[in-house]
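Structures for review follow.
Next, two complexes with subunit A in common: one pairs it with subunit B, the other with subunit C.
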Partner chain A sequence: MNMRHGRYLFILTFLLPPVGIYAIYMLSPYVQAIYISMTDWSGLTAAQTFIGFDNYVEMWNDDQLHKALWNNLILVLVVPVLTLLLGLFFASMLNVGGRSRGGAVTGVRGSSIYKVVYFFPQVLSVAIIGIVFKYVFAPENAGGILNRVLGAVGLDGLQRLWLAEPDYLIWIIVLVMTWSFVGFYVVLFSAAMQAIPRDIYEAALLDGSSRLTTFRKVTVPLVWDTVQVGWVYMAIQAMDGFATVHIMLGINGGVQGAGDVLGVAMYREAFAEADFGYAAAIGVLMLVLTMVAAILFMRGLRRERVELA
Partner chain B sequence: MSSSIERTPAAAGTDRRAFLQRLAITGVALGPGGAFLASCATGGGDDADDEASEAPSGDVSDDNPLGIPTDQPIEVYIFDGGFGDEYATELHQPIFNEKWPDIQIDHHAAVDIGAELQARFVAGDPPDFINNSGDGQMDPGQLVSDGLLADLTPLFDAPSWDDPNVTVRDTLLPGTVESGTRDGKPYVLNYAFTVFGLWFNQTLMDENGWPVPTTWQEMMDVCADIAATGIAPWVYQGVTAPRYMNWPLLSMATKLAGPEILVAIDNLEPGAWGHEAVMESAAAIRSLAENGYFLPGVEGMEFRDAQGLWARGQAVFCPSGSWLENEEADAIAENPTFQLAMMPDPLLSPDSVMPLETVRATAGEPYVVPADAKNPLGGMEYMRAMLSMEGARGFTERVTSLTSVAGSSEGVQIEAPGLASAQAALQAAGDNVVNWFYPSWYGTMENPGIDQATGALLRAELTVDQWVEQCEAVATEIREDDSIVKQNREG
Partner chain C sequence: MATVTFDKATRIYPGTDKPAVDALDLAIEDGEFLVLVGPSGCGKSTSLRMLAGLEEVDGGAIRIGDRDVTHMPPKDRDIAMVFQNYALYPHMTVADNMGFALKIAGVSKDEIRRRVGDAAKLLDLTEYLDRKPKALSGGQRQRVAMGRAIVREPQVFLMDEPLSNLDAKLRVSTRTQIASLQRRLGITTVYVTHDQVEAMTMGDRVAVLNAGLLQQVDSPLGLYDKPSNVFVAGFIGSPAMNIATFDVKDGRATLGNADVAIPASIAAKVAEEGSDTVVLGFRPESLTPASSEETGGIPVLVDVVEELGSDAYVYGRPAGPAAEEQADRLRSDQIIARVEPRNAPQKGEKINFTVRQGSEHFFSVKTGERLEP
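Right after this comes the complex of A and B.
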């Protein structure tokens, strides 16, 4: 009995600080945000007036917010798929894609260099990536790299005013986000693939399987755990997308607000429109959607675990 | 990692006891944890009410017309942006301290004013004097409607720093006090004076013998000549701020039909944007796009890139305010022969009601005193010092901007060509100075509202009728939004 009491006290004492910090800095803001979303706080006064669900009703009728939601949906569906496919492809090329030299399974030539170079985008801060890509997509006479390259290659017809076309904006964001995250997944999947015993590959090779078949039937099932985790992580990143959109398209989400996302809408409502209550309501929406997306993906991507040994 | 752990079922009695113990522990843990939640963002309301104390004051005298406490420090926050903050530390604060040597000025400069001061407003502890400007500007309309700013009437009614027989109000250019007034009371001091117009590359115009256009027909002729040489006649602030083109649009419409149309627009009257003068002006602006007179690719450019190309001789005309010269100082310095000058917007037709010299000019660069400041009267006295002739003249000399103090730029050697021509234009305009207020009253109406509509007009994606429709829709949205406090002007 004494041992039991002593043990609980011991656990309690050591749990209290981290749980306390978690409660103050993680849980408490969420609870406060839910409360603030039911007020009309401007963010400047000391007191708030309770207004119930008015902010949520306003959200329901807000066309610009629907645009932002739609853009987030595109990001959540497209970016993880694109990033993971490319990540898997590059990782398998770098680890098991080389022509077999004397039966050994290796990556393509120069894979050690590629591994380092692919990771560079992750090292750059998102602010730098945003500004650099702004200049990639700028008009030719303002330093636009893409248009200049197209012109140099003779593809003048494909030149556009990229950031001035409302329809292109979200796809430009998809491209930039994919570019910045592929490297991370190349490294992640490379590590996962290293854990696969080489004899499985050699057995597959002996059985005459092509590179594509090996990829589909051997590599992917064995790294699926990592793919699932990566997918959920990318989906959460895509629900956010604030930094990239804010830097490349501005606080209004670009021309006619066509590139708006929920994160930018929340920032704009809080700081440009001095309406913290509405911004908090958008924040609560983001919380709910991100959790739903995470749970859905985790459930939907579950596979039977394959024992390796 | 994957195998499941066999759990031996515990005896029923021990199970229940363990459960209850865990419940008790959780309760104990949450209790003090809950106390931590007292430090909330949302918990500040009660404190503010308790401390409704009197602002400190001293004796009112001839020397101390505002009655400031002579021993209390003043906390000053300056926006560190286009004007920097040296005008405060090296000019205004010495002027102030010459009169009040015992008062300490606690000077701060910040790039993001909102980020630094928002939390202080919420905590009820703002500084005494704020230069509320820049990207992080706190919405002035919201500050006023939340009752967070002090009424500056005592300042404007007080005698001026240099001449006790003249009130501060009377030393200012007309329109200055009004530009900072909401709900009939002045809350914001707008210190700098900006002249708006078309800024052009004087060097190119002289070299090629192009005349400065006074009517729109002359403008189109000049543009054709310019375009023939391969230079772009016009540029605007790209995808970032097409709203800059609204300024010549509304100016030209005002010269055609008179300043009443601006009153209608500011008062959000239905159909204000559909006035024939506005439509004629919009058609004129659109014809620039139709004839390809804009710099190629400008619709996709960042505004600094567009202005930079103008400063480097790729385009001739650029709409802006008198800050342009300072903003593009680096690009201008690259070419020592580059001379910029300002022209008033051309007349749309000979039956224009107002003369060519009419300009839009307004006081800008806002300074406020928070209502909950520890020493608001001290903040107002600091403003009084800034509004002295020495302070205003020094400001003009240092940051190449006019101030709203009348006569402050007389006798100042203005070397900068742009500012010199702006000052000349302002003098030539005389009483014909117009202004419109809706962008400062309803920030989102201008940006993104009208901004996006004009952007589409400039890309020739909208006809003039469609542009009018969109502007009307934006005005209607603001008019019908009850959460926005409406302002009104008589004329």
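Right after this comes the complex of A and C.
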């Protein structure tokens, strides 16, 4: 056996198992899902017939699915923007926003405590977050925290049956998702900001830069790489939103299905309506949309890389 | 243009008792180039950062001109600083880096362009204005940092070891550029360095700090010729001064068979403080090789000879009959002497050095202060 042959064998030995496992457990489900989406399989029996693109045509005409799609669009646009802006703002205040009398560059007073507090939601499971916020927005006689607080401060006029108003539902989901994700981005951006040399901030201080200007012109450009990664990750998370919606609003997406998202719709079609074929079609749609969103965000946010000297 | 006054300025870092800067009293004149020098941890950078407003002042006051800036935020002090690592904004071009402060101050675009252009011309940076810092060499980055300070046209320049990241050759040429630039602009400058050669070559006056305390402020030659205490004597001068403790007896200072005549006034002062020893310092150039039959010299065994062309230095250790005592009493572990470069001894040779009369420095054994004849 010559040397060349031996080397290929060596490489193949190490390459084949991981590629094989990836193919079996990652790629084949996609292929299967695409196939199932072109059948009328109920998921309960072995019987399935190939029906081509019928499920996709049905999606095109499904009003409830349009509602879910619209809600996903709101989530994917609003949640990342809110989360990243808040995350950047908090991280900046925790790391470089403080101004002691001596002018040294530090976080605001008590920042080490805030850092822990912001991370709390991240250690709670989504299920608990969902249940907690169900109570927050519940009617007053069912323990609704928000309504009680509004009542206590004399703002009775603002009390609502929050989860019974179709128009509010998706915005409540936006709020809950932002609340639960922001801590992670505070930690992520904090790490990026810690890597910026202190003397750059001192130079900005001497140049007369205010906190806001420093944030806009120095901090944000220097952590932009991290923001970009965070944005893509956040968009993918917001595209999902299944757990939060399912736990807070139920399998139908709340009153009149107004808080429906694609994930919940897929789950409903598969396990409540016993229509695996249609559910698989929704899954394929989600795959395509998530990929498109990720690519668009990565393209749109691309800037020249900044190297910290 | 302004004077800078440190008035018993003190900085105590939280969690420590010992001040990092202890009651610093220093008056810097308008247009002066003052160098703060000292070993690491002596408080020189802290003093500069106190003046910049980047470090709190725990006691005393700092004034720029007539303004008390002790607790003023940095941006209101009308100063510009050059940092050791330059602290350029990595995401901005050279022009934006230099114009950032003006842009914040609301200066018009044309004015910014003019002033940045002028500074760039002065520093030979015109062709690099559109580049980012990462595309510049170390020396160019250093000049951009200088440019950023110049463009501001501040009352005071602060420089925190701006040359320490440059290679040796560039450091020497930039040293002269900065000094001549400062003289041309006439802006009061406070310059921090740990390198005493930099201090001596650049400063109008040099302030020597040690352990948070100001040791002496004087012109470079003043420091060299009349160091006010043992620390300054040992710190200023390259190679360093030889310092040893000598016995005082009958108007002469002796150490083993080394014997130096001392003025009567010095002997009187030593007697006055009730001691019978004196610290004697002599620079390498004050030692002259003597013919071996002469007495009163210090026999030195040559360890290393540094031949620099214009000078040659002998590094050795005492090798006479009283070598052990002499070595014990020396502040450093070697004796350094300047010799004729074209006639330098070989290592391993033994030479008898005598101290040239009148070139010695005397210091009190008890206080370390200079004793003036």
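Note that the second predicted complex is superposed on the first by the 301 of 309 C-alpha atoms of A that agree within 3 Å, B and C clash if a C-alpha of one lies under 4 Å from a C-alpha of the other, contacts with A are read in each partner's own complex, and residues count from 1 in each chain.
Heads up, the rule we're going with is that a residue touches a chain if its C-beta (ideal position, glycine included) is under 8 Å from a C-beta of that chain, and two chains touch if they have at least 3 such contacts.
If you're wondering where the values come from, they're calculated on a predicted model, not measured in any experiment.
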**Report entry** Contacts of A:208 with subunit B and subunit C, given as first, second, both or neither
**Finding:** second
Query raised in the report: Who touches more of subunit A, subunit B or subunit C?
Result: B
Requested in this report: Could you look at A:161 and tell me whether it touches subunit B, subunit C, both or neither (first, second, both, neither)?
Outcome: first
Requested in this report: Could you look at A:218 and tell me whether it touches subunit B, subunit C, both or neither (first, second, both, neither)?
Outcome: second
**Report entry** Contacts of A:194 with subunit B and subunit C, given as first, second, both or neither
**Finding:** neither
Report task. Once the two structures are superposed, pull the subunit A residues common to the subunit B and subunit C interfaces. Result -> 307
Query raised in the report: Touching subunit B in the complex: which residues of subunit A?
Result: 4, 8, 11-12, 15-16, 19-20, 23-24, 28, 31-32, 35-36, 40-48, 134, 137-144, 161-164, 250, 252, 254-257, 271-275, 305, 307
Requested in this report: Spell out the residues on subunit B that touch subunit A in their complex, using ranges where they run on.
Outcome: 2, 21, 25, 28-29, 32-33, 36-37, 39-42, 44-45, 47-48, 114, 118, 121-124, 136, 138-139, 142-143, 146, 148, 239-240, 295-302, 305-306, 309, 314, 443-444, 447-448, 452, 455-456, 459, 483
Query - Footprint of subunit C on subunit A - complex, ascending - result: 99-104, 197, 199-200, 202-210, 213, 217-218, 221-222, 306-309
Requested in this report: Using the touch rule from the top, collect the residues of subunit C that touch subunit A in their complex.
Outcome: 52-57, 71, 73-75, 79-81, 83-91, 100-101, 104-105, 133-134, 141, 148, 152
